[in-house]
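In the two assemblies presented below, chain A is common to both, partnered first by chain B and then by chain C.
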Partner chain A sequence: MSTYGTTRHHAPSAFSTPASTTLFRRLTWEGTVPLEIRVDPKELPANSDRGLECYYIQAPRVSYLPLLMPEIRRFLMDVVFDEAANKILKEEDWWFESEEGTLLKWHWPIGLIYDNHTISSSIRPSSQASTSQYSVQVNPLKLILHLASPPTEKLLLSPTAEACKQAFMGQLKEADFIRWGSTKRMTGLRKAEQDGIWEGIKEHNFDDYWRVASKVVPTTAPARTNSPPPPPSSASMHSRPPSADPQGAPDRDGAYSVRSVPVRLYLPDGPVMQDLVPPTLDDGLPHTLAHYLSTHLPLLFPQPPSSDPNLAYALIQGVLAPPESEMAWLGACMAGADGWVNVCVGIAR
Partner chain B sequence: MAQVPGSPDETGKHASLPWTPGDGGESALEAIQVLETYKKKDPSKVVVRFKAVGNAPIMKTNFYKITAANRFQAVIQFLRKELGWKAGDPLFTYINLAFSPAPDDTVSNLYKSFATEGHLIVNYSTTAAWG
Partner chain C sequence: MTLSRSQFDEACKDFVEKYHPAAADGLSASKGLTGWLWLEHPSRPQFGYMQRQIPLARHVDHTARAMSSPLDVAEEPSLDSVDNETVTTFSPPSASLVCNQFVVHSPTFQVPTFYFTVHDASGAPLSLPEILQTTLFRPFALHGTEVSAFSASRPSSNFPLLSHGEHPTLGTPCWYFHPCETATAVAEILREVGGDDTGPRRGWIETWFLVLGSVVDLRL
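Entry: the complex of A and B
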């Protein structure tokens, strides 16, 4: 069992990270999806080697398209484009589209782009039932790379690694605020640590990332304490005052003490829903995925005692998540590297 | 290995599949119709309070009702217009003096997550502060 905490006062250091938490974090980190990248044939520069313009990457779910650009560019320059093309092409004008014409966003983690495509496919009549609820098939996501005229108003961000880093840090801060009502855990990091967390993403290094992330991301306790659950969350957005009760201290930084878990809900072709997700409900029971889904999408996930079947399924990190999963646990173990649990809902066929 | 509370149970039996299948095509059609209802744009408006930071000018009116379904990008553009600033002028926006949201986050989502006292606070400045 490895320990990631330090003795910094705001680090979750009261207990070492349980092995199963580390396991799921590592599984999430190591998750990859297959991408097939093809330059739009209409835009291939003259003298390109047309036989080879398709590039395959097994990309980490927690990474971002701008971080793949150097590799893609190297391949295209070495193998496909000729010298003249290499001189004129500007990487900052490149952009990606799915086969169906969906614009791909620079600031979405690749895993989210993939799962979002999976659920969007689930509503298309031509879907070859490849999203059977028993086994979600893994097909390469086919991307079309355009080399010019990026639709900047829709892309909203430039494709540079720097813009990507800023967006990523912004998401970490937003997640921090969701959990605790302040960003002091993030702003309390030294600059070197903040840069280090991004380096962990760029280099895809689990240890480098979690060395810093463990100071910010809540962890799960080895055994739940018998202390009473936190009071029902009120409309107040202020952070809870530090507990004077020594018994409450062990879970202070824990996953079940957050004000809300950072979760976003994606429907095929939108919208994206975000709301407060308390770790425990008013009756003291843990907030489960089933409860979350039937609260936000009651027509798709009817609440018991209704015997209507679910019309949909939920993917988290590409996995069909069990409905009894607890939201707090998901926030600690299966969130993306940016701190967010992305729940992608597709139609069951 | 101790079972961590909250982790999915490993029953190992396929009988415990979480998602019960629907009746094939019919339920898929029903689901697609349901999705249309969820896609409907919320016409309601929420109150956004703009607060200047540092040297940024304070506007005469600071409270605005903004359509909840709008993306935050639209709020930035609206603010730019109210301030009379051009597209190239530096404008940095934050929620609750804490973070900059993704431009495609909706006002509705931000309001639900971060509103205080019935309004969503959007700080604006000419320089990057909490970036």
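Entry: the complex of A and C
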């Protein structure tokens, strides 16, 4: 696949987008995770149809739990609830928890909820024989849906689509600010365009989303072809490394010109870590994932790598990211729809 | 004009020490600068923040409603039937509220950010419209903002003025003032008085409280 001069334009864009960038963006966009949603049996109405209260959905990683609620509600109406019960259901009182009793954050992208659950499980005692490698088996995330009395002490209130949209737009603007020190790229969008980004999420439409997002999210310039080869565990990804093109000037508005890449770091427990992530280091070399991890988690990711087996692993969009991945490239190609690269670190067994 | 995490930590610790109730004078107390503690995450460095708890009361006359525009009308009684001469009470005058206030570091904007929660005597959190009718805010400070269940916005602003979000260290739900609103004002003031990047950072926190104080009533 050539990245030189044959950029495919999905839509008019401020940046010419290499085909490899579009490929990884599309793969990220189309990533899904399996959810198994079960209503808390104690909350089923007296005359509902028991035994059928489990709903399976292959949910987009870039979507949000409140956006799934209408679909879940339709299922519950058809199968579980009668008319009377349905009338009193209020979606803004719904809340989700995992099997282990963890409250799920509705303002997190579903992919992040899933990966965070994966890494949290990595420190829980397991009854299964443990292996030293991260297992690529993809199990459904089992959720319990509660229909009332959300724990307002611990959970952000009001999981409406409107609140979700505002939180999402806030994250996009923060990402914009991190990259450029101002939010003028986001605020320079017309209102219709800003609404259009969210519509792209709601309708899960790649073209609608990127039609606007490409004006704001930096791309990798055609000359930079340092995207890593796809990791072996991502069997579902079509692997075609881009061809090398050593010529061409770096794009001034491109991924390597940002002042910092929007990145957050999640451990199995504890608060979320966020720090400045410059695209290049003081010595001029690109800031790699290996450097980022060894700087922030030196005990889990010692540098130089010790001869011992890996103590931990890093997931980005559910994929074991290679240590030589460049942070700027990740920011352009594998960020979530809200603009953030979420690095989830689990403990290797 | 920003504060890095380590500059923030140092400035806050200096501030807390300077305005410790034992050391501070009555003027500081009246400015609302006392009563703060510096707290850290039990196991993670660089997640420290300031905290204090103060009592609040609800406004007891209905002129307080002029502060917010009634977008979220479902919970509020109709104004039509209220006689302007009488006082409308929303709760027993003796009901006291508890406000937990936090000053945290915003890693995105690299400035302090004001987070808070308000609970009633039974421990239940207040809704945003209810919070706007307490003594937490200066009268009419939020005049002209659009209020929903989860935010208060000025139509011309990039970000909501007041939003709901998670405390970055505790993870609990809080209300917070969007940091970029105050940072610009602080920078202007510091420039006016000749502050610069090499000056003592403690001045930053005091100036920041000064700006915040125009919206939030910080007095104890």
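In this text, the second predicted complex is superposed on the first by the 292 of 349 C-alpha atoms of A that agree within 3 Å, B and C clash if a C-alpha of one lies under 4 Å from a C-alpha of the other, contacts with A are read in each partner's own complex, and residues count from 1 in each chain.
Definition applied: a residue touches a chain if its C-beta (ideal position, glycine included) is under 8 Å from a C-beta of that chain, and two chains touch if they have at least 3 such contacts.
Keep in mind it's a predicted model, so treat the numbers as computed, not measured.
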Item to complete: Mind checking the superposed model to see whether chain B and chain C fit together on chain A or clash?
Response: clash
Practice prompt. Of the two partners chain B and chain C, indicate the one touching more residues belonging to chain A.
Written response: B
Worksheet entry | Partner chain(s) touched by A:Q166 [first = chain B, second = chain C, both, neither] | both
Item to complete: Applying the touch criterion given at the start, work out whether A:S158 contacts chain B, chain C, both or neither, answering first, second, both or neither.
Response: second
Discussion item. Per the contact definition in the header, classify A:I178: touching chain B only (first), chain C only (second), both, or neither.
Written reply: both
Discussion item. Applying the stated clash rule to the superposed structures, which of 6-14, 24-32 or 42-50 from chain B runs into chain C?
Written reply: 42-50
Worksheet entry | Touching both chain C and chain B, counted on chain A across the two superposed complexes | 105, 156-157, 166, 170, 173-174, 177-178, 183, 187, 270-272, 274-275
Worksheet item: In the complex of these two chains, what residues of chain C are touching chain A?
Response: 41, 43-44, 47, 107-109, 124-125, 148-151, 158-160, 163-166, 168-173, 180
Response to the item:
Given the complex, residues on chain B that touch chain A span 1-9, 17-25, 27-28, 30-32, 34-35, 37-39, 73, 95-96, 98-106, 109-110, 112-116, 130-131
Worksheet item: Which of the residues in chain A come into contact with chain B in the complex?
Response: 18-21, 24, 105, 107, 123, 133-134, 156-157, 166-167, 169-171, 173-174, 176-178, 182-183, 187, 220-224, 237, 255, 260, 264, 267-276, 286, 297, 299-300, 309-313, 320-326, 328-329, 333, 347-349
Worksheet item: Across the complex, what residues on chain A touch chain C?
Response: 105, 152-158, 160, 162-163, 166, 170, 173-174, 177-178, 183, 186-187, 270-272, 274-275
